[in-house]
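Every chain is named by a letter (A, B, C and D) in the order it is written, and numbering of its residues begins at 1.
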Amino acid sequence: MSDIVLRTEDLGISFGGLKAVQGVNLEIKKKQLYGLVGPNGAGKTTVFNLLTGVYQPTTGTFYLNGEELKGKTQEQINRKGIARTFQNIRLFNNMSVIRNVLVGLHNQKEFKCNPFVSLFRLPGHYKTEAKMRERAKEILRIVDLEEERNNLACNLPYGKQRKLEIARALATNPTLLLLDEPAAGMNPHETEDLMRIVRKIRDDFDMTILLIEHDMKFVSGLCDEVTVLNFGTVLAQGTANEALNDPEVIKAYIGE
Amino acid sequence: MIKSILKSDDFKIKNCINYMVIAAALVVLVVLYNAGELKASYANLLVQIGYSIILAVSLNLVVGFLGELSLGHAGFMCVGAYLGTFISMQLSDVIESKVICLLISMLCGGLLAAIFGFLVGLPALRLKGDYLAIVTLAFGEIVRTVFKNLPWFGKAMGLTTGAVKFTKKDTPLFIIVFITVLVVLFFVQNLVRSKHGRAITAIRDNEIAAKAMGINVTFYKLFVFVIAAFFAGVAGVFYGHYTTPVMYTFFSYNYSIEILVMVVLGGMGSINGSIIAATLITVINYILQKELPGELAALKFLIYALILIGIVIFNNAPKLSPIKERLSLKVLIAKLTSKNRKPEDILNDPAHWDKIPTKIAMDEVLSTDLQPGNEYVPDKPAKGGK
Amino acid sequence: MKKFSKVIALLLSFAMVLAFAACGGTGTEETTAGSEETTAADLAYDLTKEGEYTADNTEYVIGATGPLTGDTASYGISVQQGAQLAIDEINAAGGLNGVNFKFDMKDDKSTAADASTGYDALYEAGMQASLGSVTSGSAESFATRADEDGIFSLTPSASADKVINASNFAFRVCFGDPDNGILSAEKLAKEYENIGVIYDSSDPYSTGIYDAFKAKMAELNVTYLEQSFDAENNRDFSTQVEALKDCDVIFLPIYYTEAGLIAKACVAKGCDAFLFGCDGLDGVAEQIDSTVTNKISYLTPFDVNSEDAKVSAFVTAYETKYGSKPDQFAADGYDAVYVIFEAMKALELNNVKVDPAELGKALTATLTSADFSYDGVTGGMVWDASGACVKDPIIVELQ
Amino acid sequence: MSILFDGLSLGAIYALIALGYTMVYGIAKMLNFAHGDIIMVGAYAVFVTLMGGGHIALAIGLSVIICVVMGVVVEKFAYKPLRGASPLAVLITAIGVSYLLQSISQLVFGAEPKTVTIASLGTVSLFGATISVSSIVTLVIGAVIMAGLTLFVKKTRTGRAMVAVSEDKGAAMLMGINVNRIITITFAIGSALAAAASLFYLMQIPSVEPTLGSMPGIKAFTAAVIGGIGSIPGAMLGGVMLGVIEKICLSVPVLAPYTTAVEFGLLIVILLVRPIGLLGKKRREKV
């Protein structure tokens, strides 16, 4: 029981009369790579938004390592250990690559630094900055972006921007990493590379990862377990092969 | 340890050149002054330049770095000018030295303005863009209206500050102002070049992502408003010691806009730009006032307006950018220093102000429902169910 | 190396703070000028001395600042035109011993800071005497600065007492605000039953008169109805007039622009109260038309329709030159220049490069001396030691 | 009662100006700071025609034409080159245009306030209060103009195109709408409304000066924001509310000097309670 990282109970939200998501029950175990798939508009990103506090659920609740996080703000949830990437990339475009990651490191206990320490340039400031830089470089190394660290985020090619988002999320030292379509817009070669990185993150950091993806090869090649959503409800759950070959799922994707 | 400090960005020449330039200018001016070569008009102009720089740099924190449009900066200055100078006048009964009165009242005026900054910062948590702009404008006008009617501050007559005003016999005020400029610069640059500055610019660049990174948006927004208000209050205290009487008319929204113009012309998020623009605009105003006698005074605004429109259109019009590329001084300098950069790259440098999208992007203005305390609350499902 | 330069710069600046704090301490003691009484000994002067910035003067330079742009620009422009007319007349008549005069007014937008900047520009351009500034706030600023250099200032229109108190060398041509308020209160309390007041809470002139009026009325134990507006923000007077509709008289301690609007609001509201004001109301005739039936009168030293030869000559000359009738601001500006001219003539000044501080002391001594008076278009004037002008108001009635 | 009427007719003026702000904001997504000065231009047009002995109807016509031309010209030369640039740059340009118009009118007409003679329409007694006919006319015509504008936006092709542009410029362009033309039309309508406002303004406050437009402009902008910027009924509601509150405050002697503070305070309170204004539309940001 204790190795369940994320548990949702009957999670749901409705906008006006529209039930965007309802009755989602997930159980994600430690170090699991968990996929969330479904056709467009199935409510996948909405689930992410619920889990990160962008929306507040109208029904149900969710727990991270047994602690209820419903009702917390985005900032609080991030500090509790859920980090995410965005479907439409949301980098800090006018900052260099390394600074994007440094922002991710902002709340780490080891890098605490009172604003007044920085204002008055006490030695603590320099110590923290140097440590943060070292750590940021380490993280960038994992996603192969160390060389690019002084480039502007907005000047990176698309695939690298996606990787930078992952690095930035990783920098917040999460227990659970939510990746929203990480392979979207990547060519097969880049996708391969990304799969390797995701596995490496899981192994190196003992990370639990929940990801949304349309690329079925990516999902089936990577995920241990999969939940299929359609019209906001769970259509199928199980191992990647089971779920994706479920006749209901095939119907939902291909139509009647 | 020392090595890491020396290696940090603070000690790169391009990051501390502004301290050196200002300090050098100050030393030269002090020498000139002591030699009797500096006219009173220039000494006074320097005071104006000094407090304009403080205002522009502090507003840049809000507009350029936090990305919130504020049209009420003169309001904070007003608080500092009235309350700070009032305190200074009370102190002058006890303390003989005007300089010490000034220093104490700078702190007090700044702190009082900071309290107002906190109050204005609160709506900033819920409002964005133009909505915040009109609230800050409203705040400035409210402050002004209240001060113009309070009997302790001379009502519409204004607060006579003759007792603490710096005269020709005192320490030249410009020296204190410019030392303060250096101190303000020290604090502002330190803030910007720290993890906190990164968090602030992250909020500007993408507030949602910043929240998802766990940045405490509430804290940083308030923090920036408070700091900026503090410095504006200090500028106000200087104003009160520079001229008498302190009158509400000076602090109208037109003045807030003038400060904003300094920030925008200097470059959003560029501190050196703000310093240069504040200096230039103050000098232009001075020259126009001095050189256009009598009937031609109305021409001043005409010229000012044309310069303003011209610069903004030239700097921003998408169609003019090829011409600008050819003429840009920046490109020229960059070409001389590094040969392998293309003009487009140099101009697309994000340090160049017109390329920084601030959150004032109008399309985002109306999306107010994601603010803390105002999370999207879906309609309750129809009761009873059909 | 780089670190050192920064550290040194900072140390240097702090050292300077300390150094100047130290010398500032000694500097403050003798700076309490202003309202203290001056003695004749202080005013000993030497008119042969040359000033620092006046060495190149070929004409006597009289300076002033005033609002030439912005909300109050019309007052500044009137003063400027009146003063310029006087200068032209003086020069046409041969100046002072053949030396011409020059008048220069800088725009101050009615702000203290710009008045101070304008003062600097004028001083360094060789200004020898001044008309101070037009509105009270900037005139106070101007006078404070002028006091530092000992420059004489004779403000045409800044009526707040703070202005003449700010300097030993500051005088005025107009009435003081409290005089206006007290005179009006006495007159109205004596003659009328239902009294109403509309004042401008954003204007020093108006609040100055109103405060004195209020105090006097309390002293006389007379009640009245009070309404106010804020000229920056409200220019629609229907509410105020509505509230005072049943009064016999409405006291308007305000300027003529708003008074004209109030008169028109009276027409719109069917209010036929008598409108009574102070010198600020001069010029209201231009602002109203035949639809206004209310009786209007005001206390003023200047009546544009006066039969007096001096006044009508001035009005004709002004109209010829500028195409409109002069208002009280123009008349004050005109008189102020002539007062300075006459005082300089009385001093038998014959040095175009005269030091402004010496001239300031000389002019102050002349104006406060018992035998100096001037009879101008705004009446006969003498000055007391405080710088206030003593003259008799007349009551001008319209229609 | 009479205060209410005065407030309503003042509010109608604010509402007309606020409509101009709101429309331009809704469609061009810019704060047209110079809008108040267009009113000033309209007022001078009325003044000049009347002084020249022209009939009031001619004055109205000329004022509308001049304002519309002015609005379109300003749009073409000052704002159009900046389309696609940072909105802040456009804001600064608008401020520049505002200064420009003010200084030109001072150079042409002088700073002196000029009185305008518009035949007084007399007063009537209504519910025991004296009310000037001009304020009733202001109210009625103001209401008609606003109703007409609402119909125009809802029923005509151009009006619907305007709504489309305000919702999504890109999509509107794809649908074959000439966005530039729509923006120009919006400026023309906004300026025509400003001309109407200038006439009503002169009926109540018969005096023109170069800075005439700035304070009503700011007040009307406040009204537009109170009502929810971008919303036509919101602008009307905000304008009328502000007018009435201003008059109520002014009628209480103790409160009167603080009227401006009360008005702006109200704005802040309303925005804190409803960050999108009273009738503003909520829009959601996609995450």
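The working rule: a residue touches a chain if its C-beta (ideal position, glycine included) is under 8 Å from a C-beta of that chain, and two chains touch if they have at least 3 such contacts.
Keep in mind it's a predicted model, so treat the numbers as computed, not measured.
Here B is the chain whose Cα centre lies closest to the centre of all protein Cα atoms.
Compared on C-beta pairs in contact, B-C and C-D come out with B-C as the pair having more. Of all chains, the one whose Cα centroid sits at the greatest distance from that of chain C is A. Averaging Cα coordinates per chain places chain A and chain C 71 Å apart. Rounded to whole angstrom, the centroid-to-centroid distance between chain C and chain D, based on C-alpha atoms, equals 37 Å. Taking the mean of the C-alpha atoms as each chain's centre, chain B and chain D sit 31 Å apart. Shown for chain A are the residues that touch two or more other chains, namely 54, 86.
Shown for chain D are the residues that touch two or more other chains, namely 103, 106, 111, 257, 259-260, 287. Contact with two or more other chains is made by residues 68-69, 73, 77, 201-202, 230 of chain C.
Listed in rising order, the residues of chain B touching chain A in the complex are 1, 4-5, 8, 10, 187, 190-191, 194-199, 201-202, 205-206, 208-217, 223, 350, 355-357, 370, 372, 375-382. Contact residues of chain D toward chain C in the complex are 2-3, 6, 10, 103, 106, 110-113, 115, 117, 119-120, 123, 130, 132, 134-135, 204-207, 209-211, 215, 219, 246-247, 250-251, 253, 256-257, 259-260. Chain D meets chain B in the complex at residues 25, 29-31, 78, 81-89, 91-93, 95-100, 102-104, 106-107, 111, 218, 221-222, 225, 229-230, 257-261, 264-265, 267-268, 271-272, 275-277, 280-285, 287. Only residues 2-3, 5-6, 9-10, 12-14, 16-17, 20-21, 23-25, 27-32, 34, 68-69, 73, 77, 80, 84, 104-107, 110-118, 120-121, 123-124, 136-137, 140-141, 144, 148-149, 160, 162, 166, 200-204, 206-208, 230 of chain C touch chain B when the two sit together in their complex. Contacts from chain B toward chain D in the complex involve residues 63, 69, 123, 126-127, 130-131, 133-135, 137-139, 141-142, 145-146, 148-149, 208, 253, 257, 260-261, 264-265, 268, 298-302, 304-306, 308-309, 312-313, 315-320, 354, 356-358, 360-364, 366-371, 374, 376.
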